[in-house]
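I have a structure here, written as structure tokens, and I will follow up with some questions on it.
Labels run A, B and C following the written order; every chain starts at residue 1.
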Amino acid sequence: MTTYTDPPKESFRLSMLLYDTRYRSMTIQIIALMGFMLLAAWLINNTIQNLAALGKPIQFGFFTDAAGYDINQHLLEYDNQDTHLRASFIGLINTLIVAAMGCVTATIIGVMVGVLRLSRNWLVAKIMTVYVEMFRNIPVLLWIVLSMAILIESLPMPSAFRGEDPAATMKIFDSVALTNRGFYVPEPLFSRSLGDIHLFGQSSLRMDVSLDFLAFLIVLGLSIFAARKVTARAEAIQNATGVRPTTWYINLGIIVIPTMILLIALGFHLGYPELKGFNFSGGIYMRNSLIALWLALSLYTAAFIAEIVRGGILAISHGQTEAAAALGLRQGRIMRLVVLPQALRVIVPPLISQYLNLTKNSSLAIAVGYFDITGTLGGVTMNQTGREMECMLFLMLIYLIISLLISGVMNLYNNRVKLVER
Amino acid sequence: MSEHSFVRTEMLPEQAPPATSIGVIGWMRENLFSGWLNSTLTVLSILFIYYVLSGVIPWTFQSVWNAGSLTECREIMNATWGDTHHACWAVIKDRWLQLLYGFYPPYPAYPSATVSTPPPEGWLPSYFRPNLALILLFVALAPVLFGRVPRQLLVVTAAYPFLMPWLLWGGTLWVPVMTAVGFALLFGIAKYGQSTLGALGSIIAAAVVALVWWLFLSGPVAGLFADIIPIRLPVVESRAFGGFMLSILIGVVAIGISLPIGIVLALGRQSDLMIVKTLCVGFIEFIRGVPLITLLFVASVLLNYFMPPGTNFDIIMRVMIMVTLFASAYMAEVIRGGLAALPKGQYEGADSLGLNYWQAQRLIIMPQALKISIPGIVSTFIGVFKDTTLVSIIGLLDPIGLSQSIRANQEWNGIYWELFAFIALLFFICCFGMSRYSMWLERKLQTGHR
Amino acid sequence: MKKTVFLGALTVAGLTAGVAGAATLDDIKARGKLNCGVTTGLVGFAAPDANGEWQGFDVAVCRAVAAAVLGDASAVEFVPTTGKTRFTALSSGEIDLLARNTTWTLSRDVDLKNEFIGVNYYDGQGFMVSKSLGVSSAKELNGATVCIQTGTTTELNLADFFRANDMEYEPVPIETNAEGQQQYLAGACDTYTTDASGLAATRATFENPTEHVILPEIISKEPLGPLVRHGDQEWGDIVRWTLNALIAAEEFGITSANIQDMASNGTDSPEVNRILGTEGNLGEMLGLEADWAVKAISAGGNYGELFEKHIGENTPVGLARGLNAQWKDGGLLYSPPFR
């Protein structure tokens, strides 16, 4: 006969913290946390001591002092009497501009190159391979410096446009000037402008938003929304009757006519650049530092994107293309309707990290003198004020926020296109 | 009655395909001119290639190799071709040693001696040290990278982390040897002390003994040995490092050290322990979220503030630390990918064998995960190697930094393309070679898993 | 983990105690080397040659100090610094002395906790333009594109100058002098502005220097001098008086050629004897050997010799003495008495 004894009384012994799997993970975690906190405390303590010894305790008051330096490219109003914080904000906007422009062009070039690498034309495929290998295997810093040098050395200087028989002329109906100081392109102007709205008062984040532009965006958005409705209706009719009504001209009209009316109402015209004094004036001035950075970053990143796209396309099983071909679809349509939509799922996650890389690489702007946030906050401001600790902390924080935002947005998209398996 | 009066009884001999579909012409029709779109593309490509080559080839090959300065170069060009649109490779000829080795002293024992004026005793220029370190690196890596290499070479792999610093920095051989002895003690006690001290006891004992050895004993013992058997290389300060040697060194050290850190971080990120996981994720995301250049700024202006007052690393050491941290975050992600790619059955199989966490990791998971991750590790290395050029922005003399100081020199002021072309070529060769290797490996590994 | 710990051990070996604020001199003596911050490269002032030897006017100051302190002009470790890293390199103790054509300003002296120990070159910010531009005064530069080195006082001066004269300009920031030169020569900017000495040095290396002029306006005072950390007066004194010794040596006609002779035979001038250490105990007061100045001056020569050798009129840089002449010759160089 078996007697059931009570399980041995749980008496807690110290060694159980290590040998009992129930407690061990807790122990390890607490030790790790304590180690981390000790390390952090040690670092912070050292820093405070060192800074105190140097007589520069951490304080952010200098951000409200006048910056004293000029920033050549400022989308928002700025002069050298504005604060360091304002200068940093201008720099941040410049970072975002080049990053956004770079991401767009890198994607376009990357997709094109990626598709062309798979082209049946041997020569084209080889050229694309050479392009990809060249850009992937040479540091981006070198490309940035090189493209700057090429722009500076190969384009005419503004004075070459002067005189009776100028050595250089403006391109595209005298509207675009390509000089070695940058590109001047026509700017949109409105003779019956609605004016600007001022946001954020007098703070460092103040900005003027053009109401004309806003109105344009709103009208365009509404038109596109309406056009979508028409398309959806056409879809419904097609589903019901099998005949798709022709809608392209309705759509075109819906999109174009209201915007045209708005533009005419606002008195839209283009302001052309013209040579005045040392430089061109009027028009939009894209400095060559911006162009060099933009060009180098997009070409460099495009090489990586091309590989991602190629990999994504190759990952689509052959059966899909063959089935599409069997349906009688043409080559271009197979790519557009069958392969790319499926490949996107493979492509998007690494694409996100390429966008992130591009944004982070834009910090190399410093090499060509483009005033991005690294150039203003982490460059001139840090240097003129001598507040390395504060500037670097702030700079890293901003980059971290940008990175997290990009990956957050992209992950949302990623979740949307994710294959839902049944 | 059949109307066919003739039925062929034997097959006709095969006819040769039409001349337009075989040979060169056929290939061209197939691959270059199959349709008007393709033909246009081909013609455009040929024009493009011609345009590029007609610019680059004369510039590259109609060049000046022997000149003492850019002005002299230009004079020679004007005299020979009548214009100055030619490469002046003389600058590379003049400065290639500097571009490769930075200011690594050719004869560290004789500060005044130079390559052109060697000291009387006929010493070998000390450039053999970085060269040998590089060759040994390949020897050390061979058993890891290629399957068909004798396993005995793993001895070199184990010794390399101690040998490399000695070769580059110099000093007495006994310091690295004694450091290695510390590791031997660590592992010896941890492994063989288990029977007497128990698992935990042996690990603690090993750590204590090794620490005591490194902190208090290894120095004097090394000194003692150095007095008896003086094997030493002249000391070279790390400030003298530069050029490609610096790029490679930073890359190799960063990858070498970041591998173990990356493994730990990846395991931490995968683990169920909430706090450990949070710390690892925080670290990885922080490092991956900021640009390398800000980390390098930290190395150049802030790292000294984090250390106790009075300590002072030299800048190359600081840069190595930051680049290592940077690489470990990326490495952790690569290894996490490797871990995720392993079939779940492997984990379950390990569990069912009754292995504990560390045994499973060491014997089952890691060997496979690392093998899958090698291509990723190689591309991380390529990335880090390319990113080492950023150190020029904080004033270190890597190839790009050197190109600036070469240009600051009277003779070569105003020279750009030649230096950039040379640097780009070297980087291209290294990175392209590595990426080809990783592709080869990927193919090899792929067949292994099918 | 192998490499981690080992390199940790190695870094510990590489640790050099450089307690900020105390006994820099002892550290240098223990180390046997002077760590001297210089630019990453500026013609005539500091640039490495093909053998990796640093040469230049700023470099000569480092060498003189090393000679005075350690008796060996080659016992210098040159640390290239950028405009950004220079002050932190000094305050963190990575370098003992910064000789990197750095302008002496109040905020750098007081707020950044540096100690300027004198002026080795009196400079001013100027503009260089191409002759074909047809500009003869900086006041005519309204609307011009200006190349400017970032991280220096020049960008603040430039902003002030254009604001004071109510003119517009387009700044093109550049990192290094070499870059500025490239952009300027290609016409990517109308004018290049930096210290007049730098302009002259840059112009000297052009293919056709005569096509470029340096405009007469000097828009700022730029006293360039070596500096040390705040808080170690003794070390500051040593560097200050080494520089003064170089200047005084020129004033009293002590050259690298006759110094040995003067030192061994003595001279009639008591002040020269005091400098050379044959009379009095000035060296002892500084905590150095009696012949410290002899070593400093023999390292490369007196101020005038250094000037002639690196940036003077017979070098490609071709700078005139101008403000940097001795006070007797109408310049600003004026060493306090050695007494």
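FYI, a residue touches a chain if its C-beta (ideal position, glycine included) is under 8 Å from a C-beta of that chain, and two chains touch if they have at least 3 such contacts.
For clarity, every value in this text was computed on a predicted model and none was experimentally measured.
Asker: Central chain, going by Cα centroids?
Answerer: If we average C-alpha coordinates per chain, B lands closest to the whole-structure average.
Asker: Quick one: point me to the chain whose Cα centre is farthest from that of chain B.
Answerer: C
Asker: If you tally contacting C-beta pairs, which pair wins, A-C or B-C?
Answerer: When B-C is set beside A-C, the one with more contacts is B-C.
Asker: Could you give the separation in Å between the centres of chain A and chain B, each centre being the mean of its C-alpha atoms?
Answerer: Chain centroid spacing, chain A to chain B, equals 29 Å.
Asker: From the mean C-alpha coordinate of chain A to that of chain C, what's the distance rounded to whole Å?
Answerer: Those two chain centres are 42 Å apart.
Asker: Would you mind pulling out the distance in Å between where the CA atoms of chain B average out and where those of chain C do?
Answerer: Their C-alpha centroids are separated by 38 Å.
Asker: Do you know which chain A residues sit against two or more other chains?
Answerer: Chain A, residues with two or more chain partners: 53, 149, 366-367, 382, 388.
Asker: Of all residues in chain B, which are in touch with two or more distinct other chains?
Answerer: As it turns out, chain B has residues touching two or more other chains at 297, 301-302, 304-305, 309, 393, 416.
Asker: What positions in chain C touch 2 or more of the other chains?
Answerer: 20, 84, 88, 175, 182
Asker: Once bound in the complex, which stretches of chain A touch chain C?
Answerer: 53-56, 68-72, 80, 149, 152-153, 157-159, 180-181, 276-279, 281, 287-289, 366-367, 369, 371, 375, 379-380, 382-384, 386, 388
Asker: In the complex, go through chain B and note every residue touching chain A.
Answerer: Residues of chain B touching chain A: 31-32, 34, 38, 41-42, 45-46, 48-49, 200, 272-276, 279, 285-286, 288-294, 297-298, 301-302, 304-309, 382, 386-387, 389-390, 392-393, 400, 416-417, 420, 423-424, 427-428, 431-432, 435.
Asker: So in the complex, the part of chain B that touches chain C is made up of which residues?
Answerer: Against chain C, chain B makes touches at 71, 74, 94-95, 98, 102-103, 105, 111-112, 114-116, 158, 161-162, 165, 169, 175-176, 179-180, 182-183, 214, 218, 237-240, 253, 256-257, 260-261, 297, 300-302, 304-305, 309-315, 317, 320, 393-397, 401, 404-410, 413-414, 416.
Asker: Report the residues of chain C in contact with chain A in the complex, numbered from low to high.
Answerer: 20-21, 83-84, 87-88, 91, 107-108, 111-113, 132-133, 141-145, 150-151, 155-156, 158-160, 163, 169-175, 179, 182-183, 186-190, 230
Asker: Could you pull out which chain C residues touch chain B in their complex?
Answerer: 1-7, 9-11, 13-20, 39-44, 47-52, 74, 77, 79-82, 84-85, 88-89, 92-94, 175-178, 181-182, 185, 202, 205-207, 316
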